[in-house]
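Heads up, the thing below is written out as structure tokens.
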Amino acid sequence: MTIFGQKAPATALVGLLIILLNVLVAVAGPMVAPYGETQVVGGGWDPSSATTWFGTDQIGRDMLTRLIYGARMTIGIAFVTTILSFFIGITLGLVAAVLGKWVDVVISRLVDVVLSIPLLIWALMILNVLGQSLTSLVLTIAFLDSTRVFRLSRALGINLVALDFVEVARMRGEGLWWIIGREVLPNAAAPLMSEFGLRFCFNFLFIAALSFLGLGVPLPYADWGGMVKDNVGGISFGLPAALYPAAAIAILTVGINLVVDWFLSIDARPSGAQAEM
Amino acid sequence: MAGAAALGLAFGSLGGSAKAAETPKKGGTLRLGMEGGSASDSLDPRTYADSIPISYGYQIFNGLVELDADGNAKGELLESWETKPGATEWIFNVRKGITFHSGKTLDADDIIYSLNLHRGETKSAAKDLLSAISDIKKLSANQIQITLSSGNADLPYNLTDYHMLVVPNGFTDFSKPDGTGAYALESFEPGVRVLTKNTGHYWKPNSAWFDSIELKYIPDTSSRTQALISGQIDAANRLDPKTVSFVQKSPKVSVLQTKGTGNRFAFVALCDTDPFKSNDLRMALKYGIDRQKIVDTVYKGYASIGNDTTIGPANKYYAPNNPPHTYDPDKAASLWKKAGSPAIELQVSEGAFSGATDAGILYQEAMKKAGINLNVKRVSGDGYWDNVWLKAPFCAVYWGGRPTVDLQLSQTFISTANWNDTHWREPAFDKIITAARVELDEAKRKQMYAEAQNMIADTGGMVCFAVGDYLDGYSKKVQGTAPHPRYDMCDQKVAEKAWFS
Amino acid sequence: MIRLILMRIGLGLLTLFVVSAVIFLLTQILPGDVASSVLGQNATPENLAAFRHELGLDQPALSRYLTWLWGVLHGDFGVALTNKRDIIQELAPRFRNTLFLAGYAALLALPISVGFGILAAVREGRLTDRVANILALICISMPEFFVGYLLILNFSVNHEYFPSLATVSSDTPFGERVWAVTLPAITMTLLVTAHMLRMTRNSVLAIMSTPYVEMAFLKGLTRGRVVTRHALPNAASPIISVIALNLAYLVVGVVVVENVFTYPGVGQYMIDAVTKRDVPVIEACGIVFASVFITLNTLADVLAIVLNPRLRHPR
């Protein structure tokens, strides 16, 4: 099968299917969900039945319904935060790499300051100061996550800046943004894309970790990470409730990264892989 | 002895650990796994605020007065007492022949010094309990006199507070604690573990059977439960009601339930803040909550339905409302409309009590059925008592049990109380509480407290929807454990009460 | 080279100073202080005032910070405000525990991730590649506490191979310590492996598309040899950067794992201190974490320069 004029392997098709399905569920959520997002339909941790396919959560809401609504919230937040954090992280990282000298030193050390203290401690402090809302949650995660993106894009950038074509562009007198946009970014795209796939998924998990401290998505919205946290107490006694949201996260993570891998292999094919054949 | 037993209790036991046990025997290390402490815990009794410090406090030190299994005040280091009518002048006799770990003999000066740690300019949380004391005088080496500024027949009950532990006169270095308790400190690693060792010469007969105690901090409920089931610890506190039925299935573990003496779980509204100034709205809040549903779902039945005051159904002065505040969406709806259909926001946090968010969501669902939009906002547990409680107009709170009905009501509901978290101020109520404090006629007293409770329930700002049960888990080889009217883990004295079979 | 390292050490110290200032600022903005947090629900205006006075919290913030800084410059981190215990003595065993766990996890994670990452690149698109990839992704896509509970369920409840409690103390013998810490170490290994594995694989693959690698193929070298000899050295820089980041994560980011396995590390100590607003303890933990982080990063940067010929000889 070919997509966008490229031959897609089976794994990529599976990945695409998973993403498509998740996006569909996220968009159509309220229409396909059997119950209301917060509607209590049974006791806590009821087993699965004809009316509640995946059973109920810790206070008796339908698990399937929560999963469906959770898709929207989880994917939405992760998407916005990852885009934001990549925008900030890549811009700063490449600027630091291309300009070098004191600009690099200042930004890098400031990022070190952020990175050197545990993420959760930062989140605890920032969210306590900002107050808890969806906006502050997104901004906090994006800010903290961008420091990781910065590290990587700077490392990639520095390597590329040392290459001849960047030097040639520099000598031509091209501006900073031209060099970043035309020379550095396209050549750093592959590893950055791979990182995007992972960071997107890390952001679900970060939200889960935040709910561990009671700092997650505002009530009563469903998000997969928070659902794992809320239901995990039953796991050690064989109650499967937490498995469903955990599986949802795992499946989407794998799906996204299968597609990312495909993009990467397209990128690599023209030279190395072809030469091998 | 003046004063009265303030608590009458119903106990239930699961798993049969409370059955008549064989003769106690010495030996072994009791491994406790507990929640309720942190790396910032200190040995200084003035700073105790949670279960773990209370537990090691009672291993190392003794209190002044203790509560017996029926909830009556019983002499501990203060052996006996008497008072004159009016209950302002009290004589206490100090127990003789007690020695500290350091070898010093206990006398009246030690008692007075230890009491004064909580008086005057002090950081102690027990300050309020002793604020009525105007003077403490040493009468002899084994007798003191306490004078109160206003009468209180329940003074000995105030002295049962866990902060009031006895140290030698002039003692200041709490990193090397010197107490009269059954166990002496071996190693203190706050946030990790506390080791104590039996001194071998404890003054209480038939107690302190273990050679040593290892108290481990295990804040995560799942981990604590698993550690108990797999035998890595011998006892665990605060089991999760949601999974306790699975714990009971384990052949090596028994669960001890103390019915109706646990924490009172409530949502409190500030009666002097809009829109909660309207009593119609406050009543709508009380009729709009489905208490039974919350008890069944969040606490899996391991709780009693609350009565909108801090007095639980196990208390002998408990007076149910008439009519009871059972879930009635129609009534809630009409009262809410009468109050002008205001918007309501409730702030909840797991930092207030475990299950607060789930209870909040169920509350929101129940209100939805009455057509009322209750906005439930989750806030950080970090700094909750500082930033939210007493400040947010409607928020979650728990209240622990107090040894007397007077303390229970007056700390939360009288107009001048520091912790009046509903800002409910009712002069008639204050008057009843003050009068009941010195009323010695039991029937009259009961009548007064019933009236006081009904006032709170019908006009107050507290929606107390449940009173939790304490759920302790013990390895089957731990014997001698029994429910206690005050705290879980045998009133946090499992170290001196239990033994290994 | 020496000059560069010295400069980095200087910058590192400066960073530590900025970290301490930023932490102090944040703790000042945070609502509440140590007195109100310790007393919690038991606070009254009177006992709060007494507590604050005892701790010197009625002094201005700047003078408290400078006093603290003066002490630190003389090697004195002071005592915890909450329980008056010497911070260094409290922190040292916890820091050793944290390093022990991180080291254990790194020993497991590094060979697995770099090894399988290279293998996956060599066998790009084949079964080994796919399986390694998907397994790694599944591991990483589960919240860490969830992984922890699953491991406890399988290896300490259903089968009693390892203890679920990793509570160790200074007198725990080495063998027992290794045994107790195995489950948390595996949890952390699962957390960091995927990231390093994929970065290794993808960085190698990215280099594979450059002309000189094509040249190597044209010379008739095997794919394995091209990857290890030609692609890997040039892909080293981003790989090392990611490894450093993950090693730092093993030390700095394990709060949740510590909690699940009840492991007495620095993370839980710091969370407790933040909750209680115990500023000197927060500062001490922050500085310890920052030192580890800065050291690892400096090492990574220096290594990257050593390994990349172009960077070794700056224009």
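In this document, chain identifiers A, B and C correspond to the written order of the chains, with residue numbering beginning at 1 in each.
One rule holds for everything that comes next: contacts are C-beta pairs under 8 Å (C-beta built on N, C-alpha and C of every residue); 3 or more make two chains touch, one makes a residue touch a chain.
Going by UniProt, the chains are A, C = ABC transporter permease.
Since the model is a prediction, treat every value here as computed from it, not as a measurement.
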In terms of Cα-based centroids, which chain occupies the most central position?
C
Most distant chain from chain A (ABC transporter permease), judged by the mean position of its C-alpha atoms:
B
Inter-chain pair with the most contacting C-beta pairs:
A-C
Between the Cα centroids of chain B and chain C (ABC transporter permease) the separation in whole angstrom comes to 40
Centroid from C-alpha atoms only, then distance chain A (ABC transporter permease) to chain B, rounded to Å. What do you get?
45
Distance-wise, how many Å sit between the C-alpha centres of chain A (ABC transporter permease) and chain C (ABC transporter permease), to the nearest whole number?
20
What are the residue numbers in chain C (ABC transporter permease) that touch two or more other chains?
30-31, 149, 152, 157, 259, 274
Among the residues of chain A (ABC transporter permease), which are close enough to touch at least two other chains?
124, 128, 232, 235-236
What residues in chain B touch two or more of the other chains?
222, 226, 382-383
For the chain B and chain A (ABC transporter permease) complex, residues of the former touching the latter
221-222, 225-226, 240, 242-243, 246, 293, 296-298, 300, 348-351, 357-358, 360-362, 364-365, 368, 376-383
Interface residues, chain B side, partner chain C (ABC transporter permease) - complex
33, 38-44, 47, 49, 121-125, 127-128, 174-175, 189-193, 216-220, 222-223, 226-227, 229-230, 232-233, 382-383, 385-387, 389, 397, 418-419
In their shared complex, chain B is touched by residues of chain C (ABC transporter permease) numbered 30-32, 35-48, 50-51, 53-54, 80, 82-85, 90, 93, 149, 152, 156-157, 160, 163-165, 167, 169, 259-262, 264, 268-269, 272-278, 281
What part of chain C (ABC transporter permease) is in contact with chain A (ABC transporter permease) in the complex they form?
11, 14-15, 18-19, 22-23, 26-27, 29-31, 124-125, 130, 133-134, 137-138, 140-146, 149-150, 152-153, 157, 194-195, 198-199, 202-203, 205-206, 208-211, 213-214, 217-218, 223, 237-238, 241-242, 245, 248, 252-253, 255-256, 259, 267, 270-271, 274, 286, 289-290, 292-294, 297, 304, 308, 310-311, 315
Mind listing the chain A (ABC transporter permease) positions that touch chain B in their complex?
38-40, 43-45, 58-60, 124, 127-128, 132, 213-216, 218-220, 232-239
